[in-house]
């Protein structure tokens, strides 16, 4: 994730610029919360819309406070291979939040670095929200969210960007590469989403008795697509901001990002149009998101043409992944497991695959980015994928199972049929005169 | 409001960066207009939604033009204790809009400084819109908006950030502190909103004959919560931008802002859940906003932990304030008086309270920020609150009363029952095939 | 379009800042896609809302990929008067995307400059979408979009900002001026929209047998006005970003932009209120957009007061233009031809008109901006308008006619009456429980 500030003159102006830029990028990432909420709300039913917005608002609230309490310390303090043990920085205690470069990451202060990392943490937990929509108990979801942002996600960050277990794997010259987090963020969210969706079970009516999946149409296409636009915008903070500096590489990363998104959208459009005879807008939106998830890892090391290929493959994978999960009766109302989990794996692996064939793939060696390439690189990326799946899978299975056994994961059948909004939140999302 | 540009080398690059950053922050503040419109629309009824968007669009139009015509000159020209008398700058006449540092505020040009201040002015007037929703005459609202942005708000700014009456109060070492305007902006809006809501009277059906308040549910929860997300995003311009420079303190201010918002949301969630048995999403949204309003004043001087406390107390106050105004039969459909007025007071006073106990509270002495602390500080903050209440209360009472006596403040009973959209604007917000 | 970086010290920090700023401006322009989608959706009927979002999402996808494939090379490669012939840069082939100043435009790298120009291209094509809404075949629209972004629009850019045909016209001292593209972008989109709307024909029911136009109300006013706010925000990237550098002039351009928008909104409000007795919110939104389109060309050379005049005249023109197109039976559901085409012409001409009378109109001579003024300037601006009308008119007529003769431009009568969403995309925009 860290980059190279090219400019050397005027060090303080450069340092301030680094911090201001990464903060602005963080604002764009923060705004993704609204995008996630709109996509999820748009693709589900009106009777659950209050619950969906409540969960997404809670993700932001919990994500930030939990990451402040323990997440930041566990992720970035010096410590062992799995988490920081420097408890002194829980609650950012005794940290100077303002000193330029104080975080130890290029010129970033703790204030800047925390802000940027905390909005990433909020993103990771939000991914689960969509996959478990329309039948999960609010209180259980909240408790999982706290554990996710306080422990599960920070451990993944510590293992990678924090210099821990995964960062220490090397095969030949190859070390892991995941620039902005196809694996660290999206796959982490996607794996937890899969475990959650599996344990909470499918929505009533999603699968016929013989297992045939039925489409449950969302209630508001405009919400879903505005949400996709907001997420696409937010990704211009997510990926270029992960350079963690204002330098000449930032906008090349942005270029890769916008191309992969468009390519993902185009590939899905063509595939779904050929397959079903119609350009399905919900799939197209997910194709754009798949392009974005795919390029999140390679965006700092890919060429523009490679970014188009990586994004397009992401857009194809997401279609088959959605059909696959339907087939194995995992009910994911918004396709979050496919978009973030499966395509997240693709993003991580693509670095290994394309590093082999493309000489223009940059070998940036000053920041833990790839310099080996070839088969060794692919092998390291595989180990990264496995490690994250094992850790997040086991940890989220433990938490969700404990919740299922105690508070329960799922609302009552009556609540599910009538919608979660009135029983869980005491109000409907729309009142009767909404169209009057 | 002004800050300290830490960097000294490369003065012109720094100066340009200061201007670009404050402009970007201003763009985020501008976008808050959409957030206010969505929150207000979401929490009211569909039959008035056109009127609500018309008012909010008018706020932006009027706010900018009125602040250009007279507001900027009254607020920031040299003059007496209450307003600038340097009439030469009405309509920014004869000002060089481009010269770096030309505004006299650090490195900001008049172009930059006006942009940032004008979007603040638009915010101040928008606050009234919500409290007077669903029964106020459009034309009367517009006239009030003009006076607010042309005179009432600029006088408050002149008394404080402009170096006038309030800025000249000192008790011992203590002078007023209100970094980004818990008092200057939000309390000003909130006091005018209270006067307006009082004079226009409650909506039909809000209070039973015996005075019992009835809930009138809003028509679109997604609008309201997307609005809260947009406002939260906008606050990352509002507060950190108020540093008025790109320096190392900007992101610490952002950190305080995001923590207080989350803490406000959490405190409201817990309180309302315990009180009513349900996590009411409208209250939670207002809790986030309360956290943001509360930290607006102290964000430049608080520590992160103090920011959490200040935000959480704001989130608690807002619940009781909403119940209080229901009790005294002030009908505020969106809770604007509570969020901006009451919590705005809390934000101003919190500076005095916490300065006393927290040594880590920064003493920044170069910009009228607090350096005294303790009881004297609290006393100065009290005087600030009183001054704003008296000025804004009297001035807005005069304007609203004059409007009531002439054009009338309120639509006819028939228009109110049928909704303001057709009689006031000639169209419905939604057509019959909205869900077809 | 190019500007003057004032700062000279610390060249690399300045260069990085230039790139970061223009990229951030490009992000705001990108977000305009969501604004266009919301305005168009809000002002049309619910039965076509999926189609509208699909077109706008496709515009972004196609715009970026087509501009990457050929548009960027045609627009900015050295070549003849009409397009770049340096085929080596198709697909940005062999370009170093990261080198500061590598694009040859001030300090911008190819990565930055492409990003900013590609989101402009996406804007140009989106304008057509609104004018042809509710009856155009999806596949035909897509094909036109590809040609527009791959060829038609890039040729306009090459003729102007690329230093081609229009840039080489001079009368006396006067050369063309169109800072951010009232002509290059908006008029181009508007002319294509006019041709498209003419060839596809009016919607069923828009004109009575005797030719009397009937209002077909949009289905969602909140969408339309939130869209206007997003577009207004995006214009703070569109215009100030067109300085293509971070310098002291950026925020003066922003000041001109915000004033013209407000003035356009105010002028439309007054005019429509006087004319019809009601402040029609759809017209007011278009008035704001008209102010923005009008100032897009002059924003780099106008004074603030002139910006208000230019914006206000734009807001008046748009009302009469909408009525005019109704009269000649061109059906433009959202007013795009009036807002972008007619007011775009006004923006270009205003530079000639006001240059004559206003000495404060800046004479910036280092970047092809106006320095002649007076009648000669007006004449050059006229020639620019004519050239764009001829090229875009002929080219888009050819493409749309070919599509009409082959695939067909228009959906079947049955599909139009029932709405395009189910037959074209296989899903409705809203499901039955949308308000339940």
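When the chains are written out, they are named A, B and C in that same order, and each has its own residue count from 1.
Note that contacts are C-beta pairs under 8 Å (C-beta built on N, C-alpha and C of every residue); 3 or more make two chains touch, one makes a residue touch a chain.
According to UniProt, the chain labels map to these proteins: A, B, C = Ammonium transporter.
Owing to the predicted nature of the structure, the values given are computational and were not obtained by experimental measurement.
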> Between copies subunit A and subunit C, what's the superposition rotation on C-alpha atoms, in steps of 5 degrees?
Replying inline: 120
> Same or different: at the subunit A/subunit B interface, is the fraction of residue numbers used by both copies above or below half?
Replying inline: different
> Any idea how many Å lie between the Cα centroids of subunit A and subunit B?
Replying inline: 33
> Where in subunit C do residues touch two or more other chains at once?
Replying inline: 9-10, 13, 17, 24, 220, 428, 430-431, 434-435
> Any idea which subunit A residues touch subunit B in the complex?
Replying inline: 9-13, 15-17, 19-20, 23-24, 26-27, 30-31, 33-34, 37-38, 41, 49-50, 53-54, 56-58, 60-62, 64-65, 68, 91-92, 97-100, 109, 111-112, 114-115, 118, 138, 220, 223, 424-431, 433-436
> Residues of subunit B touching subunit A in their complex?
Replying inline: 6-10, 13-14, 17, 21, 24, 28, 45-47, 217-222, 225-226, 228-230, 232-233, 236, 240, 246-252, 254-255, 258-259, 261-263, 265-266, 269, 276-282, 284-285, 288, 304-305, 308, 419, 428, 430-432, 434-435
